[in-house]
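Presented sequentially are two complexes of chain A, the first with chain B as partner and the second with chain C.
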Partner chain A sequence: MATDGTPGPLAGDLSDQSPWYPVPYRVDRRTAETADTVTLTLSPAKGTPLHPFRPGQFNMLYVFGVGEAAISVSGDPALPEALVHTVRTAGKISGALTGAAPGSTVGVRGPYGSGWPLEEAVGRDVVLVAGGLGLPPLRPVLYELLRHRERYGRIEVIYGARTPKDLVYYRQIQEWRGRSDLRFQTTVDAAGRDWYGDVGLVTARVPDIRVEPARTVAFLCGPEVMMKFTAQALEARGVTDSAIYVSLERNMKCAVGLCGHCQLGPEFVCRDGPVFRYHDVRRFLSVREL
Partner chain B sequence: MSGRSSGPGPGPSAASSVERPALGSRHVLERTEFPSLLRSLRTAGYRTVGPTIRDGAIVYGEIRQESDLPIGWTDRQEAGRYRLEQRADAALFGYNVGPHSWKKYLFPSRERLFTAVRDGRSFVVQPEPVDPTPLAFLGVRACELAALGVSDRVFGKAGDPSYAERRTRTLRIAVQCGQAGATCFCVSMKTGPAVTGGHDLSLTEVLHEGRHYFLVEVGSESGARILDGVPLRPATEDEFRSAVASVGRAAASMGRTMDTNGLRDLLVLNPENPRWEIVARRCLSCTNCTMACPTCFCQTTEEVPDLSAEKSERWRRWDSCFNSGFTAVHGTSVRSTTQSRYRQWLTHKLGTWYDQFGESGCVGCGRCITWCPVGIDLTEEVAAVRTAPGDAPGGRVAP
Partner chain C sequence: MRLADHRFFTGTDPELLRRWSPLSVERSYAAGDLLVQEGGPADRFILIFEGKVALEIVAPDRPRVTIQTLGGGEVLGWSWLLPPHLWRLDARAVKRTRTLELPASELRDALESRPDEGYRFLLRLLPVVAQRLEYTRLQLMDLHGH
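Entry: the complex of A and B
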């Protein structure tokens, strides 16, 4: 069931009988990030060990009686005992997830999909660009980069949100911004007078990133249009499209390449993605309604 | 009954008395003895499903006795048109394909995947058992055998358990086509009309010079087992030749053709072809083509909680890339226009299916042509793209 050599759900629970069965996880912590976004910390309800995820992968999260939605894993890959998901209320299912109280149970199946190719970042400068809720799928990358900081060159993070109130991981961002071994820029589309940060699009921050373009790898996550223009700005800086990766979002029901909903050209975004080399998918993204 | 090695290869001589018919061997079953085949299937524990008349169409349903079969009927098909007509003879399988396909038995249009039952603040998953009754598909056409193979690879790659379980219990009795429908193009897709593999038994119905019999060919050990107790005799050279001739007639009477040369690239390179907009003026986005298609596999899930909130069922049902909500992300459809949906369907079926599964998703059965309420014909659409390749080669989308 799993692809790319990823281990599937472990034996011992029902999920080894069918890819469709969710495994119960207890909500240990619920942290409000913004008015409509929360971070859930989950652990297995019956002590079933978690199987590891790779940064960039996602799980199908299930709320009893409501349904299932694809949500990226946003926690630290080195702390597998806590499964962390950041969810924004967008519809019925995500709304039920953001409302999940500590002590309640959600179902999990996964992890699914490709991940960010961290191995390609070794020995190179790394640029992470996140728009809106694009930061949670990139946070596991940042944890890994900082854990093995010596393996990488310069690290530049650009994070954009609509307003200061829409920034997730606010405290953590202060921490990251205080570090001298990475540059973490935040920018918002609009802000009041109490905002001392940048205002504008993430693409506007790309020209002055301090990297060596020829040895840079970039991971982008956010709205498709934002990723397209960010890639364009990176290419203008001399970063090739084979060194740029994007995480795509499509309607997903199954996560195993069967429901058909997430297709983009020949790709099943759930199974072949969600992380793609920009070089491989830009031709599909350039066609309207593909 | 036992002691025979299984698998292909030269079997023991067909002459030995209690021996089962060897793989690849050919026999004659007289029309009058046909009920013995149905009896044998029942004795072996199979539930036989096959062609039967309902609501003015030949659909697949339970076959309890031979009178359930569409004896003496045929189907006349054209783009957007399907009618049953009385035949001049009493053929049992004298039609082509109807609106149903065998996928409904392996991939039901609605299927419960599991039931989640409340357990304190948690829930427990109750697995969904699959009906263990083995099914015998009676009357599988060559194009349909090909479609079953295509589905096997799609569902197999995803590791779908209920499909796999049903599939292993399925016996496939093919029936060779003695005629082709006006919307058939299996010759173009190289899937027929001759049955060449994937069957347990294959029947060729012959009505020739006052005789009515079936040439029976053995495709597997399970097929051979069914023939125990069925009165057969070795086929003569003449009987075999008459059977081959009838399949030849089907090949010669194909109603449609489709040029498949470079088809994958043609479609992948033509996302901006003006033809998509032209076909979209007629397309109703009704999903009929995808429902009738024997290989369309798109599906969606539904969560069905009961009123007590004590349990909640997960169902899946057929979905279609023509549905407006199919690609919705946060309430907005990626493919909001009909032309983008038709392009997706056709490009996937005939093009990107190769990238995903190494073959075409089309078997040339013609159902999507016949059952399109406005008679859109994919062979015509492909030909139109071919004659006016808008943005290819050197278009915006590289292969």
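Entry: the complex of A and C
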């Protein structure tokens, strides 16, 4: 999450990629996804690019004079030269990021975090459930699953947003929905008559997924209440809580397991997460206040 | 389409389904057709086998809003079971939809005359009600809002 601008000046020539210093990246493209959400495509302005990322990892994006926020990588892991992030305006820093013009520079440090355990999905049915801005952190997973389609069983994706206008990656979703080796369902909380898709929460789509529960692994990303109820719905279908993974968001500052800002029980979300086995964190999703 | 093939009846006594099957009517709706209309008599229990049905709220001062869609394996509702037996929402087919429908008054009589079956039927219907209540609560929380 946002900081008050902790990192020092951009260290463009740093070759050791110190976890503290952002590397300057140029905004090559800014694509509006919705009224408040944009996708930024970045490339190294100078110096060494960051290490390749794993699906589910995040970077700290730094806007000069404003501050730093954790943003998941939403691009294709096979194309690491283009660093892709999808950001929604929620406050000062995210607002500065969504407003970043092509040609401008942002600082990037990372990638951080554990990522989704794709190796656990091999040979199994895979369910991805995304709520709202939960789709960007899951998109790299989908790229990987489809790139090695033969390694996996059935793939079911459920994506929920507030209204049809809040759906990100609209064109790409049409492509995914057109594929026969994947079922991609979109649902919105409410809609007018011009929407021909599903209306209702993502949890309502779970009873309908066509998977073998005993050999299913599920990755959930979105608001915590949504993940909690989705996990319950999956459990009702017979998927065990150790085969369900969730991505948690906590306030972040250092992102490298030093400051304790993101602590969740014994774990640090930045270092041990943000992806956790639901079995290990379900108690935190029921805690009234953290 | 057979009653026994619908998720709602999974695990139901086959003998009961044999008795009810002759009552069921197969229907098909084109995209845009209304299955039921708010205020109209809730005279049948509708099991959706295929397609998509939008539950819509109509208010004079605002555009019609879809609050939920139902698909294959789901049932339309319970207004047919509770007095005054009037539909509380519009239900419109969003795409071609196929259903099996049981006449409400016969079904109510059957359930009343055999309370044990009636009870078991309610135990099947109650999760549908509970689930819809839960969805409504979560919708009220505006999960994806800012």
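Keep in mind that, in the parts below, the second predicted complex is superposed on the first by the 271 of 290 C-alpha atoms of A that agree within 3 Å, B and C clash if a C-alpha of one lies under 4 Å from a C-alpha of the other, contacts with A are read in each partner's own complex, and residues count from 1 in each chain.
We take it that contacts are C-beta pairs under 8 Å (C-beta built on N, C-alpha and C of every residue); 3 or more make two chains touch, one makes a residue touch a chain.
Treat the numbers as computed from the prediction; the structure is a model and nothing was measured.
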item: Clash or fit (per the criteria above) of chain B with chain C on chain A; value: fit
item: First, second, both or neither for A:Arg26, with chain B first and chain C second; value: first
item: First (chain B), second (chain C), both or neither touched by A:Ser104; value: first
item: Which of chain B and chain C A:Gly65 touches, first, second, both or neither; value: first
item: A:Ala90 touches, of chain B and chain C: first, second, both or neither?; value: both
item: Contacts of A:Arg193 with chain B and chain C, given as first, second, both or neither; value: second
item: Per-pair minimum CA distance [chain C against chain B, superposed on A] in Å; value: 8
item: Doubly contacted residues of chain A, that is, touched by chain B and again by chain C; value: 90
item: Chain A residues within the chain C interface of the complex; value: 36, 90, 131-132, 160-162, 166, 187, 189-193, 195-201, 203-204, 207-208, 222-223, 225-226, 229
item: Contact set on chain C toward chain A in their complex; value: 7, 52, 54-56, 63-69, 71-73, 94-95, 131, 134-135, 138-139, 141-146
item: Complex contact set, residues of chain A against chain B; value: 1, 14, 17-22, 24, 26, 45, 62, 64-68, 90-91, 103-105, 107, 249-251, 253-254, 256-261, 263, 265-266, 268, 283-284, 286-290
item: Chain A contact footprint on chain B (complex, rising order); value: 113-114, 116, 118, 121-125, 127, 154-155, 157-162, 268, 271-272, 297-301, 303, 305, 309, 312, 314, 319, 321, 326-331, 334-337, 340, 344, 348, 352, 355-356, 396-398
